[in-house]
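Once you scroll down, you'll see the structures, which are given as structure tokens.
Each of the next two complexes has chain A plus one other chain: chain B in the first, chain C in the second.
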Partner chain A sequence: MVALGVIACYAAIGLWVLGTDAAKRLGERTGWWSVPASPLLDALTVERADEVVGAPEIPGFGIRPRPEERVRIAQSYLDEFRKRVNIRVRNRAEADQRAADAIAGIRFAEATPPNWPIAEFRERIKAALDDLDAIAEVGEVDRHPELLPRIEKVERDIASMLVAPAGVRGMLYHARLALGTDRQGRSILVRAVYSIKVAIQIGLVVALVAVLFGSVLGAAAAFFGGWVDLAVVWLYSTLSSLPDLVLLGVLVFMFTGSIFDDVTKPWLSLVPIYAAMCLTFWIGPCRVVRGEVMKIKELEYIQAARAIGFGRAYILIRHALPNTLHLMFINFSLLFIAAIKNEVVLSFLGLGVKVGPSWGRMIQESTPQVINGFYWQIGAATVFMFFLVLAFNIVSDALQDAFDPKHVS
Partner chain B sequence: MWSFIARRLLASIPVYLGIILIVMAALRVSDPVNAYLGKNATKEQIELKRHAMGLDRPFAAQYVEFLGRIVTLDFGTQTRRYESWKYEGQNVGKKLAEAIGPSLSITLPELCLTTLVSITIGMLSAYYRGRWIDRWLMFLVVLGMSVSVLVFIVLGQKFGSSWLKSALGIGWFAASGYEPWLAWSKEPLWGVLPYPTRFALGTWAHYCLLPVLIYVVVAIGYDTRFYRAVMVEETTRDYITTAIAKGASKPKIMFAHMLKNALIPIITRVMITLPFLIAGSILLEYQFRIPGMGKLIIDAIKDRDFPIIQTFTAVFAGVFILSNILTDVLYALVDPRVRLS
Partner chain C sequence: MTAVDSAAAKATAASAEPLLRVEGLVKHFPVRGGVLNAVRGHVHAVNGVSLAVYRGEVVGVVGESGCGKSTLGKLVIRLIEPTRGTITYAGQEITGLGHADLMPFRRKMQIIFQDPFSSLNPRLTVAGLLKEAVRFHRVVPPGEVDAYVSGLIAKVGLRTEARGKFPHEFSGGQRQRIGIARALATNPEFIVADEPVSALDVSIQAQVLNLMTDLKTDLGLTILFISHDLKVVEHFCDRVLVMYLGFVVEELPCARLHERAMHPYTRALLGANPIDDPDDRRPLTILKGDVPSPLTPPKGCPFAGRCPQVIDRCRSEMPPLENKSDGQRVACWAV
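Right, the complex of A and B next:
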């Protein structure tokens, strides 16, 4: 029950992301409507997932990192400001104007700079940078606890220059920093949640298509026998004589250079993954259903249907296939996990999802971070994936026990 | 026995022809030369490359030619070149020969260790069925299965090499890389038997032991559940009751009676895990920068190195089919009831 609840939660989040994403895209494409820029409605779109919300590699849950890291984070915020203040134009007034515009353009998600005159910004940025330099001069910041108040002062300065809005938008801003930021300063939480949609989308499409395709082929092979059976068996034994990962790689390669290899079109760029996985995963259900239909077709009710004079295709679809539904369910849940896991592996190898976030890409991006001791990104991806896969593992075990008790798993 | 093997080999020929056909067709769906050279290449460059690879000939001719290469194991010689695109001047055959050693030096230990460890755990679990140790083991196993393989690999790499070194000062494991640890003599003994001239187990452990251990941890999760189920089923058989009635000790029943009879599902399982083994090794080789076949083929797919992809998939398929035949032969050896006909 708990597992089903977890799956329902994931499905709800996935559908929500998919829905808002699709509504927005469709609205833009057709111009029929525009999704209002309300903070909640577009909290989980691709744009939000790719948006910079803070300095790179901030830890989550508001945990204070080591002093050295805090200096680095403060430095990266201040650099962002300094870049915009230092404008090399002779004319002082023009320089001020352009700097003010640039500063006003700073956005860390919802947090924006306050409406100060440019001179104050210059002064504060310079003071904070000087402070940081002084701290850095001491060296080995971790070993000098007496520096802490000075670091805190710089952090307070930065906080005053980056004001989060009040209300729902402010809460959203803090929520986005809840699990920290990745290497580019993007919100790990938003990316991990958005990846649910990617995973569920791939899992659903692949499992559905593969199970349907595989069962129909398997049932047809068993039912008609003869050359149909030979052809199907040859096809699946052929395809299964390559390890999944190699076959997936080759099938993904099949699409390089085609219109599906276009990183500017996130919807099309998933097609190679769908195709590769569907072509690989239909074998499992096909085998199982073929075996089952072999047994079923000798049963009395099929013979009775034949005696009545129904056509063979009708008997197959109306009588034989529905009796393999339990196997289809089991295989669906098995393939769903397999698809999600393989998507993650493919993305990790750089062959899968190329646009937008996915757990595989997050894990891949976190490899150098792990070596430096930053575990938030890999942790988030793992935990989010863990609960989904665990829930599906439990459900598919339960399905197996209920429908196919003889099977030794 | 031999006629059985011969028949199985003959029966797998159409399957092998089929997989080569499918792979070759799939690789040519979008033009591999275009994919490799990119949009900025001139017409002449593309034509040259296409001609050098023989891609301008009809598909049937290419198919026959490639089959010929496989049958004669000719992936390039000094005079008749069959070069990789990315590594210019290197024959595909040379790359292949270089990659087999590293691959085997992690896959074989993986296979042996995993089987040993997971059978032991499965038997322990079946022995203590229903008690807390069994429950905890199975709980851990399901947990482990739900965490991505990648996490084990990435964290295992971190903690096994750099953390172990910095925190405990144990520098046994390299974070990545590979060095040949086994060298064979140029001139075989008595003309047939090659013998190793270098056998550096320490070097092997330095580079390969950590990936092998990580693989074992990952694979235990999948295998143990199965072995436990097999063993549990075996405990309900009549011959076990007989053995208990005769007064045989429990360890004796476990090892002498049950293990022998459970060998058939175990062999099936070991062979079923082969694709998993290869896939797992691909990831491990990739992450640990071990220049085996897995890393090479992933790199080739990324670099669009067509000759390498084509050859390596063919080799993978061949190994796979042969290992399936080996399974059937092993069945017959283990279980006299299996008739080889």
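Right, the complex of A and C next:
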């Protein structure tokens, strides 16, 4: 029951992410609406997941890093900030760009108040603002008076940022930093939550296709026998003689350099993973369903159907396959978990998800961090994965028990 | 029960063409195993069976479990392919017919199975499984299917509520009634009843047998009734074939069965079912020795190993099924 609740929560979050992501794309394409205008709706889109929200490697729950660590972090973003501000404005477009960069720099800094004495922070920011004034004074503004309002706006923006955001935006701001940031300063929480969608997407597609393909093939093999059976059995014996992981790796690797190996097309880039997993995972359901249909085929209700005169395909689809539904359900939940776990392994080998976040990528990216004692990223990814996998394991166990002929009298 | 109309049936039967005629039917199942799944031998399930069933007749087939009764039943309605032999239905040979050509015969020949649990698809409701057959053979126009199905359900003695229920909601006896309804759905004239009551409690057996008797007279069915229980066959059938190890060893009318039975095996079966005490069901193991393996049938009489009247000739030479008086045929050197 609890397990079903957990799965429902995950499913709801996955749907939310999928929905807001799709709505945003559609809004951009048609101009009917703008999702970024609504901070809540925009909270879990892929842009937010890839957005820099603060200094790198901030620990979660407002835990302060060790003093030397804080100094390192402060130094790194301050350098960054100065680098951006201390460039002379050459033309208008560049002025805009620099201004935007300056704001980004401040945003960078903004994330650090928990880690930095506030007085010192204000001082530094003030210094930065002076830098900005200096740019203006150098004479560019005299020659280009229209730059003045622009610079004023930058100043206003920066000033407003010194105050922590309030309301929904403030809540989201704190939520994003709740589990800290990764090496690029992106929110670990947003990435972990966004990955729910990625995991469910991979799990659903792979489990659905593999179970359907495997079941139909297995059922047909058992039902028609002869060379169909020989061919299917030969195929899966051959495939299953290779370790799953090796096969998966090789299959995904085969796609490198193809049209699917294109990071600009997020949907296409998942196809190699789908294809490799489906080609590997159909074996399980195929084997079980084949065995079951072998058994069912000899049952008297199948013979009765033949005596009535139904065609073989009809008997297979209407009488044999529906009676393997329980096996399909069980296999579906098993493969769902297997797909999610294998995505992690593939990503760890650099063969997995290439665009956007995923638990596999998060775990892979956190390997150097773990050595330095930063556990937030790997922790978030594994905990999120753990509950989903656990819930599915419990449900598939329950399914197995429910359908076990030993329990059904 | 049916002894009354058996005389009338026989009177017409003698003159008319049999509805079903089987000649020299043989079925060998290959046994595979070992390397490369090679054929290592054959189970001789049915060894040259000939029989004729006349319209309106109920012919019984008895014998111990494994003697090939079910195989024979499935062979005659073309559920499995015979190794040799011919099956003629209503004057037309159906042995070589393909799926499409067989269709009219499928509609006329149906089968009732022994196991009330595995004989019904657990995922189809009663109405679902009946409608399926009715629609497939266009037994009635589409608009009348519902009424026809309700009629069938009533005919086998189930309530109307049974329509929407699944098989697991019924008892064994009720399930067997559903199985009978399915066999009747295509409005057949010939039915193979493969041990239809063997899996049921004794009290329910009588109910189902009564139902079958009623249906038989109402619908004018011709039935091949398979059973391992000679007592049931004796009550229900007009004529009986006694099988042993895939051979028919004796064929005789059911009337006065006890007096007429000649074959030592039939006599042994009768001894196992004393007519005066229906509750005494001593098993057939009053016969000593084992049934020979159907993988290597003996050269002589298959019953020789257990026969109390065995003579030397029995072991070397197979006794032919010879016509005795009045429709009785016996395969035994001692009679």
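Please note the rule applied: the second predicted complex is superposed on the first by the 315 of 409 C-alpha atoms of A that agree within 3 Å, B and C clash if a C-alpha of one lies under 4 Å from a C-alpha of the other, contacts with A are read in each partner's own complex, and residues count from 1 in each chain.
The definition used in the following text is that a contact is a pair of C-beta atoms (placed from the backbone, for glycine too) under 8 Å apart; a residue touches a chain by one contact, two chains touch by 3 or more.
Being a predicted model, the structure only gives us computed values, none of them experimental.
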Which superposed partner A:194 touches (first chain B, second chain C, both, neither): neither
Touched partner set for A:301, first chain B, second chain C, both or neither: second
Chain B versus chain C as contact partner of A:332, first or second or both or neither: neither
First, second, both or neither for A:319, with chain B first and chain C second: second
Partner chain(s) touched by A:10 [first = chain B, second = chain C, both, neither]: neither
Touched partner set for A:310, first chain B, second chain C, both or neither: second
Touching partner for A:242 - first (chain B), second (chain C), both, neither: first
Partner chain(s) touched by A:253 [first = chain B, second = chain C, both, neither]: first
Residues of chain B that touch chain A when the two form their complex: 14-16, 18-19, 22-23, 26-27, 29-31, 34-35, 142-143, 145-151, 154-155, 157-158, 162, 175, 225-226, 229-230, 233, 265, 274-275, 278-279, 282-283, 286-287, 297-298, 301-302, 304, 309, 312-313, 316-317, 320-321, 324
Touching residues (chain side chain C, partner chain A) in the complex: 74, 77, 79, 99, 102-103, 106-107, 109-111, 113-115, 118-124, 132-133, 136-137, 179, 182-183, 185-186
In the complex with chain B, residue positions of chain A that touch it: 234-235, 237-239, 241-246, 249-258, 341, 344-345, 348-351, 359-360, 363, 366-367, 370-371, 378, 381-382, 385-386, 389-390, 393-394, 408-409
Residues of chain A touching chain C in the complex: 299-301, 303-311, 318-319, 322-323, 325
